[in-house]
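To start, the structure under review is shown below, and the notes come after it.
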Amino acid sequence: MDIIACIKRVPDTSEADAIKIDGSQRDIQKSGLAFKINDWDEYALEAAVQIKEKLGGTLTAVTVGHQEWNDILRRALAMGADTSIRIDRDVASEDPHIVALILKTVIQRLPHDLVLFGAQSEDFGSGQLGAMVAEMLGIPHATLVVSLEAGENKVHISRELEAGTLESYMIGLPALLTIHTGINQPRYISLGGIKRAMKEELQVMSLNDLGLSVDMLVPMMKLERLELPLQGKGAELITGTPEEAAEQLAKTLKGAGIF
Amino acid sequence: MSSIFVMAEHRNQALADISLQMLSKGRQLADQAQTELLAVVIAKDTTGYAEEVAKWADRVIAVKNDRLEEPLAEPYQKILALLTKERRPKIVLMGHTSLAMDLAPPLSVELEVPLATDCTDISVQNGDVIVTRSIHNGKVNAIYSFAPCNTVIITGRVGEFPIEEGNRHGQIEEIDFPLEEEFSYKKFEGYVAQEVRGVDITQAEVLVSVGRGIKEKENIEMAQQLAEALGGEVSCSRPVVDYGWLPSERQVGLSGKTVKPKLYLAIAVSGAFQHVVGMKSAKMTVAINKDAGAPIFKVADFGIVDDLFKIVPILIKKIAELKDR
Amino acid sequence: MTLLDYKYADTIHRCFRCGYCKFPVNWMDVNNCPAYARFRMETYSCGGRLWLIRAWLSGEIDWSNHLAEILYSCTACKNCEVKCPLRFNVDILNMIIAAKSEMVESGRIPSSVKEFLENIQRQGNPYGHSRVKRGEWMEGTEIEPYQGHDLLYYVGCVGSYDDRAQEVARMLGKVLQKARVSFGVLGNDENCDGNEVSKLGEETLFEMLVEENVAQFKKLGIQKVVTLSPHSYNAMKNDYPRFNGSFDVMHYTQLLKSLISDGRLDVSAGFDAVVTYHDPCFLGRWNNEYEAARNVITAIPGIQLIEMERNRDSTLCCGGGGGNFYIDLLGGSERSPARIRAREAHAIGARILAVACPNCLTMFEDAVKAEGLEEELVVRDVSEIVAEACGIM
Amino acid sequence: MDSIRQALAEIVGEEHVSTHPEELYIYSFDLGTTEPHRPDYAVSPRTTEEVQGIVKLANKEKIPVVPLGGGLSLAGIAVPFKGGICLDLKRMDSIIEVNEKARYAVVECGVSQARMCSYLEKHHPSLTHSEPGAPGSATVGGNIAIHGQGDLAQPYGFNSDMVNGLEVVLPTGEVCRFGSCAIGASWFTLHPLPDLGLFLGWGGTTGIITKISLRLFPRKRIRGVGLFVVEDEELVPEIMYKLTQTQMAEDIIAFSQAIPPLVSGVQHFTINLAADSEKELEFKQEIIWDDTLGEYIRSGAGGFLGFSRGLDRPAVSKTSDWRKGGGFEYVGSIMPIEKYPECYRRGREISERHGIPYTVLGRCIGIAHAMMFSWTYAFNRADAETVKQAREALHETDDLVLELGGTIWKPGLYGQKLVIERLDPNTLNLMKKVKQLLDPNGIMNPGNWEVSQ
C-alpha cells in the first residue's frame, strides 16, 4: 500500500499568552515561539505508519514550506515515513486553492493508494485543503475520520458528525482521508530516531520541478490583515491568593443558590 | 449584486440550528445588498423544511428525490454545482458543519470559485464580500477579501450569528433530481449513535468540566470531588476524550453534547470555539485557567487566573464549610 | 526488540523476587518502594517490574499502556539497589531504565511521559513553557547573569518555572548574597540538566542536553557549580564527566554548611521550631550525602531536629523522581508516597518538614494540602530555614 | 463489562482489582519450580469484611479463591491451579495490639516478618517472636498456615504452636473466631475451648486466616550465635540431643553445603544463645562449650569457631544467586533427629546426580522431639534444563522423606499426592467430610490437598 501524508509546521501558541502581530499586519511575530507538527497531522502520520506496519508498503511525507520546515520532515521520517518531499515555497497565508494545486501536482507524480491529511491546522484551521486535493485528483474522500480500517483495495472508515454521532463508509482506493484527533495515540518521536533520520536526505522540489510557474498560481482569496480581537466583555476576574479567590468563588456560588 | 444562496441542512428530521443562523445572516446580507435570498433544501420529502425556510427566503428551491434521504456530500455537491452554474449567485452560504467539511471544498474546486470556511463575520462593502476568520485558536482575527469572481462559497461558524425572526413567505419551487450515478466508489453504511452509558450530562444542573490542563487521569478525581460537593457531574472538552481519560458521552461541544446547566465550572479548559458552542447557554459560567489569554475567559461570567491544583482543593474545602454553616 | 539484544539479558533473570527491595534498609515498614507503597500489587514492586520486563522482552506478554505505566511508576529512588542482598543489585535501575529506553525508541510510552519529553525537546523544560520565561524567577532580585563569577548557581527547571520553587530559588540567591558569595545564573539561557530525561530512558536526548550544557559552561569559563536541586547535582557530578564536563559541583546544602562553619553566614539569631528533615533520594542514596543539611539545620539555635523512622538511606521517596513530579503516576490517593511521608512527619510532632529539593518541595506542598495538615505542618526548604535564621525576609 | 470484575471493584475499590495481563502474569508464578497458572482476577483486600464479600461472590459465581501472603512457601501452594481470584493479603498488615503482660500480639495476616521484628524492637524491646529466617516479606499468616518454624523452635516448637487465637473467613463467607477471643475475652489463649483447628497445614483450602494472636517471648538483652563444626555427620544427632539437654539454646541448626568448597562435606552448628547479663551468658557458654561440647573439641572431632553477638537477618535469598540463576526451591520435612546422617548423605547423592551443589539444613524443633530437615536445590531461571533437574531432585527428595520415615512439611502437589496415598483411610475420609462441610462449592484454593476427589 503506497501512502502519502501531507503535514504542516505550526507555531506552538498554546502556552504563549500574548501573541503580537508583525509589521506586515499579515503574520504574527515568530520570535520566542517554538514550532511543531500540526496536532491533527501527527494523528494522520500515526494512522499511516500503523497501516504500513500492518499491510506493508511505503509512506511518503509531503510538505510545502521553506528550509526551516525540514524539522517536521525529520520527525515524520523518525516516526516511520520512508521518504519525504518538501516543495520550497512559503504558502503560510496563501489561498488554499493554490496550496491544493501544488500538493495535487506532487501527489499525481507519486504512486498513491491512500492520501492522508490532518482534518485542520492549529493556526489557520480552514479544514479545506484535503478535500480540495481529493477533488483535484478525482478520487473519493472523507473528512473528520475518527476510525480507519485499511484493506488491500478499500478502507472502512467512520467520520464524526455533531452531537456525538458518527457515520460510516466503505471507500474504494485510491482515496483521500482527513484525520481527526483521538483516532489513535501518536507515538513519541525519540531524539535518537530524529538523529537517524538526519542521515536520510530530504527531497526538495521547486515549483518548476513540478512544471508549475508562479503565474499559474492565481489566488482567488487575499488575506487583507490580521487584528487582535477587541477585549470584549470578559469574565469578572476574582483575584487574590488561592485561599481568598477560592473563598470568594465559593461565596458567589452559594449566593447564586448553586448549593 | 446577484442573489445569495443558503443551503439549509437537516439532521434527524429537523433543520439544524446553524441553518437558521445562516438564513438570518443571509437575509440581512441580501437586504443590505438589495438582492434576492434563495434557500436550497435537499431531501427525500422537502415540504416541512421548505415551509420553514420560506420565512427567511425570497425563493425556496426544494430539491426532492427518494435517494436524497440522508444528507450526503456527493449528491449535495452535484445539486449545488448545477444550481450555482444555472443561477450564478454571488454568495453560496452554509453552516461550517461536518457535512460542509466534506462538501464545500470539492464544490469550490469543481466551480473554480474561492471558499472561506468557519467565518465569524461576513459583510458586503460596495459589492465586495469581506469575511473574518478567528485563527491561532481564538487569539487573532484574519480579514479576507476575494479577487473578482462571480460566486464565493462561505461557511459560517456555529453560534456566531444570532437567529432573527423570519417574516417572509418565499415562493417554493420544487425540482425533482433523478440521481443517475451510483457513487459506488463511496458507500454510505449508516449512522453509529453513541449509546448513552452511565450519566447523561445534558440533564445535570451543575457541570464541572475539565480540559487538557488537568494533565493526568488521576487528577480527574479532584474534579469529581468538586462536582459531588456541588451536586453535579463531571464533563470535559475533546482532548480529555482523545487522551482516553473520560468516555466520549461526557464530552461537551460541537462533536459532543450541548448542555444548559445552571452552573458550568470550566477547569483548565482553553475555550476553543468547538467547545464553547456546546456550553454557551449555561446560566452561569466560571472559568479557572492559568493562561490569562485563554478564550474561555471571554465567555465566562467569573474567572480565576491561577493554577487549578492550587484553587480546586481549597474550593472543595470552602464549599464544605459554607454548606455546614 | 527481543530479550537477546537487551543489554542486561544475562542478568535480569537473576531476580528471585524475594521482596527485600520493598523494605527500607532498617526494615521499618513494608512499603519503601514508592510505586509498591502506592499500588500494593506485586507488579509494582521492583522484583515484579523486573520479571515483567523479562516477560515483555521474551514475548510472554505484549506491550500495553498498563505495562508502560508500571515501568514509569519507578521513580529511580535507588531503595531497591541499596536493599537487595544479591550481587547484581548495582544494575537494577540500569535494567529498568534500559527497558524504558526500549519503549522510548519504539515511541510507545504513557502520554504524560511523551508530553514531558516533547516539551523538553522543544522548550528545554518539562512544563512546555517558553524558554524566554525561564529567567522570570529572578525579577525583583539583584541576582546577576553569570560573567566570570566564582560560582555558577544552577537553578534547574522546577526552580525556574514552579511558583513555589521559584520562591526558594530567590531565597537561596539572597542567602548566598548575604554570605557575599560571588555567583551568577544563566537565566533564560539555562537548559534542562537532563537527569530526569536519562532516568526516563531518552538516552540520546540526555546526551544532547549534556553536550550542550558542557559546551555552554566551558564557553563561559565556569569551574564551580552550586545546584539548587539534587537532581542537577547528581547528573553533573556523576554523568557530565563522561562527556568531558568535569566541574567542581556541589549541592547548595554542602555550600551552606561550609559558609556557616567558616563564619561567613551568621545564623546565631536562630528561631524556635521542631523540624524533621526528609532525605532526597538523589542527595542521599544516590550520592551518600546525609549530613550536610542536618549540620546546617542543627547549627541554628532554637531548632530541634527530630528524625522520622525512615531516614538517611531508609528514606521513603516523595514520589517525585523519574519525572513523576510532572508525570505524576503515583498521585491521586492517600497512598501516594508524599502523603504517606507528610503523615509520618506530622505523626512524630514535627512542625516543619524540611526539604532540600524543589521536586520534594512541590510534592509535599500538595500532599500537606491533600491531608488537610496546613495548620500543623509547614513545608520549608533548608535555604528558607537558613534565611529566617539570618533575618532575611 | 465483566460483571465479576465490576462486583469485585465495588467490594475493594477500583484500584485494588486487576484483570490486566501484567498482574495475571505475576500472580501466576511463585518463586520456585511450580508450573505457572494464571488467575482471572488479582485482588488485594484491606479488611476482613472485604475478604468476606469476595468469598461470598466466589461462591455465587463458583470461581476459585486462592489466598496469597508473601508467596515465599516455594511449594506452589498459592499458585492458582484452577484460575479464579488470587487474593493478595499483604495490604492487611496492621499490628492491632501487643499485650506485654501476657506476651502476645494480635496482628492481621498480612503483617510481614520484617515489620513484626522492627515494630517489636522499637515499641516492645523486651519481646520477640519466633522469626522464620525467610525473606522479611514473608507474612505471619502465611508462616503459621504452613506450620512454619522460627529461631525459637528449639525451646517452643512450631510457630503454629504459638497461636493464641485466630480469626478466619470460612469458604462460605462467615467470619469465625477461635480461642479466648471467641467468647469476647482477650486473645490470650487458644485452648481450652473445643478444638476446631481446621486451618493450619491445610494449604489454605479450608478458609482464609485474617487475624492471628501470636505468642511472644522474652527478648534477652544479649543475643548471639555460636558456631561449631564437626566432620562426621554421625555425631550430629547426639550433639543436638545433648545441646537440648542443657535447655540453654534458643535455636539449634545443623547444616552442610557444597559452597564455598572449603566447607563442603562438613557439618556446621549454629547455636543461638541469649542472656540478660554477662554473668548469665558466661554461665551458658560454659555449660555449652565446656561441659557439653568439650569432649568433642578435646577429641578433635569438632571445633569451636567462635561466638558473635547480635542476630542480623540471614540473607537466605543469597542461595538463589549462587549460580547466577535467580532461583531455588527446597523440600522441607519433619524428621526424627537420628535420621540426620542419612538425610545428609542421601541428599548429597541426589544433588550430585542432578548437578546441583547440595545444601541441607536441620533445625531442632522442641527438646530434640523432631527436626525440620530441608534440601535446597538452586536452579537457573533462564535455563530450563536446570529447572527440570531441580524439579526432578525435589520430587525424588519428597519420596526420600517418606522412605526415611519423616513427613513432608508444606508439600507441593507432588508431595501432597504421596502423603494422601499413605494417609490412614479413616483420617482421609474425615478430611473429605471436613472439606465438603467447609467448602461445599469447592472454591477454596482448589488443586491443593485434593482430598475430596
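By written order: A, B, C and D. Residues from 1 in each chain.
The working rule: contacts are C-beta pairs under 8 Å (C-beta built on N, C-alpha and C of every residue); 3 or more make two chains touch, one makes a residue touch a chain.
Please read all numbers here as calculations on a predicted model, not as lab measurements.
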| item | value |
| --- | --- |
| Chain pair with the higher count of C-beta pairs in contact (A-B, A-C) | A-B |
| Taking each chain's C-alpha mean as its centre, the one farthest from chain B | D |
| Rounded Å distance between chain B and chain D, as computed from the means of their C-alpha atoms | 69 |
| Whole-Å gap separating chain A and chain C, where each centre is the average of the chain's CA atoms | 37 |
| Separation of mean Cα positions, chain B and chain A [Å, integer] | 21 |
| Centre distance in Å when chain C and chain D are each reduced to the mean of their C-alpha atoms | 40 |
| Multi-chain contact sites of chain B, meaning residues that touch two or more partners | 307, 314, 317 |
| Sites on chain A at which at least two other chains make contact | 14-16, 185 |
| Of all residues in chain C, the ones touching two or more other chains | 111, 333 |
| Arrangement of touching chains [line / ring / star / complete / other] | other |
| Touch relationships between chains, expressed as pairs | A-B, A-C, B-C, C-D |
| Of chain D, residues touching chain C in the complex | 15-16, 18, 20-23, 25-27, 29, 31, 42, 44, 70-72, 88, 90-91, 93, 112, 114-115, 117-118, 122, 135-138, 313, 315, 317-318, 320-321, 324-328, 380-382 |
| Chain B-facing residues of chain C, complex | 111-112, 163, 327-329, 331-333, 366, 369-370, 372 |
| Of chain A, residues touching chain B in the complex | 11, 13-19, 21, 28, 93, 95-97, 100, 119, 122-132, 134-136, 140-144, 158-172, 175, 178, 181-182, 185, 218-229, 232-239, 242-243, 245-247, 249-254, 256, 258-259 |
| Footprint of chain C on chain A - complex, ascending | 12, 14-16, 32-34, 36, 79, 185-193, 195 |
| Of all residues in chain C, those that touch chain A in their complex | 104-109, 111, 113-114, 117-118, 121-123, 128-132, 202-205, 208 |
